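Paired with chain B in one complex and with chain C in the other, chain A is shared by the two complexes that follow.
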Partner chain A sequence: MSQKNSAELCTLLVKEIYGDVSSKVTQVLLQFGRLPLPLIVRYSKLPEKIVKQTLVVLIQQHLVCHALQKEGQRMVTYYECDWLRMYYLLESGRIIQVTEERYGEEGASIINNFLQLGHARVSDFLAAYGTSTLRQARVNGAVNENLKIAAINTLKAKLGELYKARFLVQVKEQHMRPHTDLVNDIKADLRRQFSKETAVESRLNKLILEHLPQRLRDIEVGDVSPMSGMKRKGGGAPEIQIRPIKRQKKAADLSYIGVGLGDDDDEYEIDEEIVLRVNYDKFLVLFRNDELVALAKDRMGETTSLVYREVLKAMESKVLKCRDPMMELSEEQGKKLKVSTLELSRTFPDSIELEGTIADAPKAKGLNGSSSKSKKRKVESDEEPDAMDLDSDDDDFDISEDEDEDDMNPKAKLKKRRMAIMKQHLELLAQSSIKFVRLESTKGAGEWSVNYKELMAYMRQLEIEKIVEERFGIKATRLLRICDEKGKLEEKQLAAAALTTDKDIRAELGRLHAAGHLFLQELPRTADRAASRTVYLWYFDREKARQSVLHDIYKGMSRAIQRIESEAALRSTLIAKVNRTDIAEGEEGSVLSTTERKEWERWRQIQAHMWAQVERMDRQVLILRDF
Partner chain B sequence: MSRGGRGGRGGGGAGRGGGTPWATGDPDVRAEFAVSELFPHMPPPVQRSLTKDERSTVHRFLAFREQVHNGPLYTIELKKKGVLNAFEDVQKYSRKYEKKRQKVPRLDARPYVKELFPEELHLTLDPHGATNGTTRKTLIINTLSALEELEDGKNAEEEEEGAKPGAEDADADDVEEEIEDEFEEDEEGDYNADRYFMEDENDDYGADDDGVDGDWQ
Partner chain C sequence: MDPALVVSIADTIHDTCSEDPDKYYEIPHLQTMDDRITNLEILRTVINHMLAHKLIKAMQRDEESVFRIVDRELAERLQQLSAEESLLFTHIDSAGTEGIWTKTLKIRTNLHQTTITKSLKSLEAKKFIKCIKSVKHPTRKIYMLYHLTPDIGLTGGPWFTDAQLDDEFISALKDAIERYIYEKSFPRGTTAEHFPPGWQGYASLEGIHRWVADKGLTDVAMELADIKALVDVLIFDRRVERVGVRGYKSIRGTIKLTGRGVLGRPLEERIKNGLTETPCGHCPVKDICEDDGPINARNCIYWADWLKQII
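Let's look at the complex of A and B:
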């Protein structure tokens, strides 16, 4: 039953994006599980040719995995749905947006194209992009061979950047295999490897299980060494040529974001032979950081949350995915991901105003004067380029160093002041009841780590409590929290803990039970299991409650999408009219009557609001399931 | 619910206070005599208004979806053969410009990484496998202009909250009147086919906004 809701949602999402036929095939695969081609044809009642073509589409988009399996004398290919990937179709909008914030329009355009294409070989991508940018150049009136080269170079640099940031990752053949097959393959491989070492079956199994997670992760995460997938440049455009091209580019009004063409990294460029796809794991890490920052903002205030955002950003590159078992393992071994205040202050953007965000203790009278002075200096320094700031920042600079204030460079002084405030914010974060950060050591003016696992467990609980409060009110939430804290309780004990009578809470408990938030344990005192001689214990199981809430949300999302569909069906004539091929985009207004235009506007509003609601539910799902 | 025992109603007059014999000592409990509503009014929760971030996310998503719909992979289902809707499926002039959705994905448009597909689908990927190598296929790339479009859309969305209704009315008034004149008699819709059979004069038949009535009279 529990899978029904998620399957329905996935089918609807595929239908929304890839159309009826694809959704029909996915529906069959979701309903029956792993199937070979002839059975898909039979169950979907579609012609074989179309099923084949649809499978190509779905495999191209990584929505379906396939595995070749030996069955008797012949090899059979099985197909299986990757339902999470279908779910992540919903994330497309957010992914494009996040990329735009970080890598500008150019980066967003690349990610958008990769989302459209599924996976693509870099050389193919470059070739296609090259022709299209050339077309663009022709439109602008200047057909220029240099322009094309420059565009390719910037594009390549941008691709390299995205690849390094792991927004894009390599696709290997293993990634197209279903998870179970992958696990079986690895197990078989490990067995072969270890069978020489030991002949005892139990020991062999133990060894296999020990090595399995690491091997699995290696495949899932891919090669993380910095130079994988990169290759030395074969002799690109010389330095002198690049400058004028850049200027031409501006003249042609191709708003490129400046890419460091003269950097040291420029020695290497992305290998054109590799196949890339969008890395959802990485984006989930970014989304998780956003949620954490939002929580910090709620609890601690705006500026503290901005400091927190920088902490998370500093760690971002090393967090490969949410719920990474290997990271947890290395944390247990004491190798935690840490960032020091000093490191943080180097990359901390000057645009965040720290001055005056934390009230000083009243006795510090002398500090007030200096703070206003440094504020004035800050205004001055803002006009100068940031690079200067970085230069003045020496490696041996330490907050504990007691230098004479007058001897110090004003910028260094400001930096020191900012760092002190930053540290105060970090301490606030560490002292909060939710441990946003932890102080690990005093090196570099304090080293901080983030315990994602604990934070996320807290956040999941918070999300469930929010939902319960919305549905059943504050009293029910209180009961839930008591159950969560105390474990299994009888009704009377529960009432005593809640400082009410059991009559008062009975109805609430029943409702919570019906909704799948609270559970009952029967404990018969006699062998006949008579109800009168049975103890009933209420308890809250986080995992079970999480699952039930999750499936409720899936259902809610499905209904919202169906609502959008039916609203669209009501206006099918209007939508067909606006989509007519002889009407250019954006010119709908000229052919629609007043009523139609109003209706069109209304439809757009409805659509936006409904999808926004789906995205909101998606936020909850990500917290409860993926983070 | 129990009525408080047999004969409770009969002895009602004797009770004190609320006059109900089954009233307990609890002063908070009041008997309700009104007919309870079968479906009491339950106001549905109202959505919080969208933040700017949410708006742009949704917009990106919808634009992404639109691009996929216009791309080679979006397909609609084939109609079953032999089932014909007399009003909808007949060729009509007014349907000339209707957007045609493909029934089969256009797979031959782009190069594939064959290793990633199962062998039995290789022929589907490239039906003319023998001739491959002579013509180089390219991926379909949505160019930068696609994103500019997005930008426009986003701006429009933001403006929406502002002075949209007024401005729109002002600049479109003249056009509207014209259009309305044209459409006035068509209010029931172009697709009401029955009307054309019933009415004697059918000068309006096929009168589109692009002024093609001449062709049809």
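Let's look at the complex of A and C:
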């Protein structure tokens, strides 16, 4: 069973957070797939009442989906696990951390609560939260009614921000249904819709398949129009007005940190009737950006990576999820997500020092030396993306405002200079063998796009290579890369490309083959398929390699978590002692002997190290699977 | 016909042809060399005489007979060969710089194995031929005329020394080239991290080629393609990347020039990753490791070692 490792990991994660009973139920569901209640009860050997309660919790957390199905006379509810959601339980820590960086403690605590609740109606959430803040206030001393109101108002605003930035999304009924059922529903719906148009079955099927991805994505992503889920303060649903929407859009274009609520902030607030949950897709986009910046830092150095970070940030609000098929489709149609140098320079933080990060070309002219003639030449040469600019100091952008350079005040001059250097960094990113960005047009001193699909394919490959290199050494990795680049190769050709003899690489190839990294294609030259008359071609299959590595990582993660459990079991008395409720927090030291204290310290270190290891493997999983 | 006349004509032809010994001569051409050749009959007798005395070699070109002159001294020596030796010599000669395998010789000449072995030995002793090694077929005995240098297909090009791939030579040259590329990859003496975009000063294939030749790093002549093969390996190793159309550039962080030109290789840093740092990434028994199996996370000795190491 190929999913054995991932299923094991998910069960462990559920156990870690929701305890043994939940993990037993999920284990049954993962092992047997879609099941009705009686069968879950039978397989899990748990009382029906407990299973039911557990299912409620798991459904609330979106870890289990359910579907009602007619079977004969009666309706049967089937339950199914959403294993990816279980995996994402691991992400909680990072998600809260990222939110805190962006929205402060309040935002982090909102997200934290939603992570714990699974999903919640805004009004309920506010009510519950209100009382809890109230309680806090009481603990601190006097009860302050105003504080409560203020807290709720800021809370609501924060919720609105998070919702606008799609860190929280609306939950619809469809989100509770298993994927297959959803697909079947949509197919049935489309069939009804198109059956009037055509009676030919094959054409009908084709039409259905054509529309399916879009519909699925609509449900997955939800309503992305700026006003959905918002309402006018103190009034009903928002009246659709042209003006605010337009403004909204513009604001969203320009601001990338947080949300573009702009002036309308006061007029609109989040609709209290909607139900929200944490949008993992959006957080994954952020994590992916982090990885890309890290790669850029490794390859291009600190400053360039900071410029790159700004590029990715500028696009962030419009990237709804990683591996978005619709985005890839619209890119094929030429509608790429672009950001111009000019836009970037407006929001580029002044704290990043750009001066002196790029060496001067020997032919460089002075800063003020560019004549109108050379400017014109530049604009022309800029029109072909390949034409690289040799003169570094020369500002080669053409802003619509006709600024005469001599009249510019020093501040504007500095700004222009910074923009020129920034553009050079962008060009360097485009010039690298990993195409971090692509030049799309010359509008706004150069418009840039990011090809996530290619970049992530490269990153996945790097990740796999790292693992192979650690396991088998540089020579084996070289062979793997040659196969990856050149396709299917005979032993001799491989040896020639690697500048070694076939004798030398034979052992390496054998080991790579055994580990499932390289594969063999037999090509018999005669009908008898004699081994001596057969050509053997080596090849590398990215997808297969990815899968096998992924399962290795799942297994590694499971083992790490299991080891933590067993280490904890070894110290159960100690842990019980420390966790005694009658000891106040921070006072544990007083009841422990010296040896116990030492052991406790060691146990905490073990935990820290092993969870850190799990986290590092999780990073690899995200790169290989989700980004 | 008078033998003396034949010898005399043969001498004239030989002398005339010797002026350009590498040329192939056709019959009409030979005919014009001496006035005494009034008809083809005379020429035929003369050619036969010369062939018998090994003064010329008969060859085929486009279904036409052509002739090549043989050095008198060599002809003299050749004449002393036995019939078998002579036959073998002809075949080995015709194989040119590619040489000929003893088995092929046997098929072509239809001689007995012992005769062939004996004759080849004698030819080799007289320094008419030599035995060479082929990269492709290291076990085969391949013969070639003594004075020829083996073809590149046999020697395997500049990377081979005595039909053996010279690993040390390759890696030394590779390191040297990598350093050359590195030195041109990043600006020095400033705080700047990069050359400007579109920089033309990165190492190019031609530049590397010229540098290798000028520095006299090798005795063997390097073709541009040989250099490219080396640089390609550097690219496969992800140590060098292409920039622009012709440029090659070191990937950042692959080399640190420590002290006076010592190559520091912080590669280990670059390949660190979560999986292989946990014991499971290297585990030799990972395939039989199961939660309820004989090998599991609880009794795993690798995890125990790991924990001992980190804390």
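FYI, the second predicted complex is superposed on the first by the 548 of 627 C-alpha atoms of A that agree within 3 Å, B and C clash if a C-alpha of one lies under 4 Å from a C-alpha of the other, contacts with A are read in each partner's own complex, and residues count from 1 in each chain.
Just so it is clear, contacts are C-beta pairs under 8 Å (C-beta built on N, C-alpha and C of every residue); 3 or more make two chains touch, one makes a residue touch a chain.
Note that the structure is predicted; figures quoted are calculated from it, not measured.
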Chain B versus chain C as contact partner of A:613, first or second or both or neither: both
Which superposed partner A:356 touches (first chain B, second chain C, both, neither): second
Partner chain in contact with A:109 - chain B first, chain C second, else both or neither: first
Touching partner for A:55 - first (chain B), second (chain C), both, neither: first
Which superposed partner A:18 touches (first chain B, second chain C, both, neither): first
Which superposed partner A:333 touches (first chain B, second chain C, both, neither): neither
Chain B versus chain C as contact partner of A:120, first or second or both or neither: first
First (chain B), second (chain C), both or neither touched by A:225: neither
Shared chain A surface residues [contacts with chain B and with chain C]: 470, 609, 613, 615-616
List of chain A residues in touch with chain B within their complex: 16-22, 24, 37, 49-50, 52-57, 59-61, 66, 68, 77, 90, 92-94, 96-97, 105-106, 108-109, 112-113, 115-117, 119-121, 124-125, 127-129, 131-133, 135-136, 171, 173, 176, 254, 275, 470, 573, 576, 579-583, 585-586, 589-594, 597, 607-609, 611-613, 615-616
Touching residues (chain side chain B, partner chain A) in the complex: 45, 47, 50, 53-62, 64-65, 67-69, 71, 73-78, 97-99, 101, 103-105, 107, 110-113, 115-121, 124-125, 136, 138-147, 149, 152, 157, 168, 172, 175-176, 179-180, 183, 189, 191, 209-210
Chain C residues touching chain A - in the complex, by the definition given at the top: 159, 165, 167, 170, 187, 190-200, 229-230, 232-233, 236-238, 241-244, 251-253, 267, 270-278, 280-282, 286, 289, 291, 296-298, 300, 303, 307, 310-311
Chain A residues within the chain C interface of the complex: 8, 298-304, 356-361, 388-390, 392, 424-425, 427-428, 430-433, 463, 465-467, 469-471, 474, 477-478, 481-482, 485, 496-501, 504, 549, 552-553, 555-556, 558-560, 562-563, 565-567, 602, 605-606, 609, 613, 615-620
